[in-house]
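The first chain written gets the first letter, and so on, giving A, B and C; residue counts start at 1 in each chain.
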Amino acid sequence: MTIMTDPPKGAFRLSMLLNDTRYRSLTLQVIAAIVLALAIFYLANNVVSNLTRLGLNINFAFLGAPAGYDINQRLIEYTSQSTNLRAAFVGILNTLLVAFLACIMATIFGVLAGVLRLSNNWLVSKLMAFYVEIFRNIPVLIWILIIFGIMTVVLPGPRAFRGEDAEASMFLGISAFTNRGVYLPGPEFSRIFGETGILSAGIGWLVALAVLVGSFFGARTVNKRATRIQEATGVRPATMLTNLAIWFLPIIAFFIITGLSFEIPELKGFNFKGGIKVGAPLIAIWFALSIYTGAFIAENVRAGIQAVSKGQTEAAGALGIRPGRIMSLIVLPQAMRVIIPPLISQYLNITKNSSLAILVGYADVTATLGGITLNQTGRAIECIVLLMLFYLIISLSISAVVNVYNNTIKLKER
Amino acid sequence: MAEQAKMQVSDEVAISIQNMNKWYGTFHVLRDIDLTVQRGERIVICGPSGSGKSTLIRCINALEEHQKGSIEVDGTLLSSDLKNIDKIRSEVGMCFQHFNLFPHLSILENLTLAPIWVRKTPKKEAEELAMHYLEKVKIPDQANKYPGQLSGGQQQRVAIARSLCMQPRIMLFDEPTSALDPEMIKEVLDTMIELAEEGMTMLCDTHEMGFARQVANRVIFMDEGQIVEQNEPEEFFNNPQSPRTQLFLSQILGH
Amino acid sequence: MSDVSANAVGFVRTETVPQSAPPSNAAGPAKWVKDNLFAGVGNSILTILAFIAIYLILAKIMPWILNGVWDAPTLSACREVLDGATGGCFAVISERWNQLLFGFKYPSDLYWRPALAFAMLFLAAAPVLFFDLPRKLLVFTGLYPFIAFWLIWGGPVYYPIMALVGFVVAFKVFERLEKQNFALALGAGVLGAAIVWYLGTMIGPDDAARKAGSLFAAGLEPVPSRDLGGFMLNMMLGVTCVSLSLPLGIALALGRQSSMPFIKYICVIFIEFIRGVPLITLLFVASVMLSYFFPPGTGVDLFIRVVIMITLFSAAYIAEVIRGGLAALPKGQYEAADSLGLNYAQATRLIILPQALKISIPGIVNIAVGLFKDTTLVSVISMFDIVGMIRGPILASTDWNGVYWELFSFAAVLFFVVCYGISQYSQWLERRLATDHR
């Protein structure tokens, strides 16, 4: 149906390939395909002849060989005898860890700064504007180095904690802030199924998470019931106390039953042992990414809130809705629609910028796979291709989420 | 009418549409359109909203593709051949409801653009031509302004002049006055009447029934993608045949 | 522009009228302070917290700046001068400013050349940034790349002249033929330039000098591109890559909007690929992988490889901005161009792009600022831009080992001045475009 059913009379001429709307686009695409194929062939040919000239080949077997280097900050078991693949995997987890932490903290910074910038307090709003401009206009790389510098120069080394009259002392006696990192009390469960330790700490945390998820659904049920009652009778029952109880009682009970205790870090030899160690590089990159991206998020938040026009607020006010409720019922839900897509793209930026961790020696995937492994094995093409593949997968997944979100929003708006 | 006698209609065929059909996906917009327009004829198309008037007009200069039947303009068959499409577009001028002037170009540049680039007219000649038509639509003093600085009526007259600069033999108008305030409608209609008096072949989709009575020598009524009725204006307005036409006219003229 | 109904009448207010100021008897500084700083308990607490924050920051920074030492040969000398007091050793900046700005290898007696190129940059950029300036100035903008290239790299003047001649020939051929057929004109133009350059390299500066006078062999002392460094390198990468990525970005944006699926998806894949990976991985490509893609034996300079990768990177982002501009154009513009008989190339070049680009300028400027900041990443692949200079030669030198804050503050200030300046320009432009009748 899309093509005219009565074509012009006369035989096919070659010039019709370009001059006839039916063939023109196909012709151009075929030409483009040929040009592209030639270009790819040319480049591939160059690669092959370069590699043969240098006696190299493409081979991913190095991934199975022992990596031969240590990684300080790691989430899973790893020794220098582990494979390169495992090193890459440690790096991937580290990338995800720092990206995740930075996303949360950047959101907090950004939302705070964005809302405060709209505050009618002149000084606070100017201060926030200053924060945004300073951080947006200086490269994140410089921020990472500056914050890493603050960590290493300003904080005391572990040895400062030694001796009777030490220069530094542990914060509240339980955590140590040193230039090698921050040592925090490490929680552990002493009493899961007695002292047998059937459940390791990791599983204990999973159970704790499950308890929290249960609380979430419990609280939701209570709130829904309250809404139903409000719709039926016009009076909303008080849910505050019930909610608090649902959120806190189960998890506290769980901790008591399992006997949650904390391992306090101790200074042993030249360094602290025990507890949780958050290395200085992780903190530097985490904090730098958060505060830098927070400045951008602040702008998004501000724009989002301002986009919800004043008319909306006034209309709601005219309906007699209380100001506090106006923010939560009218302004924020609408602002969220404007804020969330750029917010997610900022999360994407955080993930990509976390690759700068290599500068301060944080072992993210760029530093392990794209750094040490690449340099030690000399497998440049393989490492870089894998590295790009990893980031691509992350980015595409995040854009898929954005698309789904945008589509649901569109559906609701119709 | 006395005026109409002046406007000669020749036997030469300007547009010939035969058995033309168009679909948007599965939606059948135009059904079996048969229409022959003589050179010098002035045709007004009317009909309810969504009846396919715009689509018909836009098919004639290939802004929309038709799927069945034939359209022939000045003896050139509108086929998938780009040369034919270019030829037809250079002979057919078109005015849009929203003028569609190029906001980043001055009025003079709007007018000379197509002659320079399509007709390859030297710049100086193109500018003389442009000034000629600007005088014709009575706004030569606005030549160096930008479209955003003009009123709607002036913009639409510039749009007409822009089409005329290509010296078309046929002009298509798609609701040229419906985006205008009442006081501006007249100046545009006056321009169109003047054009008609000079013998331009015109196809006009409009709700201006006064204009139809005064200028048209045929009024076409479309509904649901079909030409329901066509007649001379006098007959069409005073003695409509089809009940659908009667209903439409009673609605549009009734109050 | 797109709001035609607003054009139909002479004047339509598109925004609500801002609230006007209160009558003057209700104003006055005391009232201002009360309204803006101490309205309510929460507000007052915020104000106090803000004052505390400001005090803490200033208390740390002010002595450091005010007490700074600007004149000392080494860090230890500087510490002696300070004698235990807080204060910055800004002496490192006054001693090493040349390295920070030009890198440590650029011959010091030739600093005037990049400095001159930098000064001329403003002249070249002016007509691009401010539409009101006479269009004739664009001629200088066109000449600028060749002049700047010659000033910074030196070598016989023959090469930039040859390159320029090639471009001029291409442009003339294109101009001649473009009304006939855009593709033909483009092809002929490229061919013309290629012939000129081929002949040009065949002849070479010495032959040309023998035949046509010694002028062609005359030149400036050449500087190899690995000797470029410091903030100059950041500026060069930023300016070059943004300029080169504009045409590429436009082509990608048009390709992505194309009705031809093959071309569209090629562009989509390219754009999404580039936007999906961090710039640093692309820089790794430039430093260790890209040379494999060139024919064996052509040792392409690291600087050029980096320029290629950063250009591809920023082109993908610019393409997305321009796509937004293209999408914002009303359909009527395309239809009007079609109905006048303009073909795709003409409609795009004369009607669509000028408007779409104008809408996209603020977005493009934002990309440019981001890109300029990102040029610091080249320090990771051991190029000595300003950050590379600080982290490498300067911090490693025995004289200044340990001067951390002063150096990074200096770099931060340089970037802040440039980026803040550009973003202020962008905001000014946005306001202007909003009220522009064109």
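The criterion applied here is as follows: a residue touches a chain if its C-beta (ideal position, glycine included) is under 8 Å from a C-beta of that chain, and two chains touch if they have at least 3 such contacts.
Treat the numbers as computed from the prediction; the structure is a model and nothing was measured.
*Asks:* Which word fits the touch map of the chains here: line, ring, star, complete or other?
*Replies:* Drawn as a graph, the chains make a fully connected set, so complete.
*Asks:* Taking the mean of each chain's Cα atoms, which chain ends up nearest the overall Cα mean?
*Replies:* Chain nearest the centroid of all protein C-alpha atoms: C.
*Asks:* I'd like to verify one number: the distance from the centre of chain A to the centre of chain B, where each centre is the average of its C-alpha atoms, in whole angstrom.
*Replies:* 58
*Asks:* From the mean C-alpha coordinate of chain A to that of chain C, what's the distance rounded to whole Å?
*Replies:* The mean C-alpha positions of chain A and chain C differ by 28 Å.
*Asks:* Rounded to a whole Å, what is the gap between the Cα centroids of chain B and chain C?
*Replies:* 48
*Asks:* In their complex, what parts of chain B are in touch with chain C?
*Replies:* Listed in rising order, the residues are 61-63, 86, 89-90, 92-94, 96, 98-104, 113-114, 116-118, 120, 146-152, 155, 162-163, 166, 179-181, 184.
*Asks:* Any idea which chain B residues touch chain A in the complex?
*Replies:* 23, 65-70, 77, 79-83, 85
*Asks:* If we count contacts the way the header does, which residues on chain A are in touch with chain B in the complex?
*Replies:* 1-8, 16, 18-22, 24
*Asks:* Which stretch or stretches of chain A touch chain C in the complex?
*Replies:* Going by the criterion above, the answer is residues 25, 28-29, 32-33, 36, 43, 46-47, 49-51, 53, 116, 119-124, 127, 133-134, 136-142, 145-146, 149, 153, 310-311, 352-353, 355-356, 358-359, 366, 370, 374, 380-381, 384, 387-388, 391-392, 394-396, 399.
*Asks:* List the residues on chain C that touch chain B in their complex, please.
*Replies:* My answer: residues 1, 4-5, 7-10, 179, 330, 332-333, 335-336, 338-343, 346, 350-351, 354-355, 358, 437-438.
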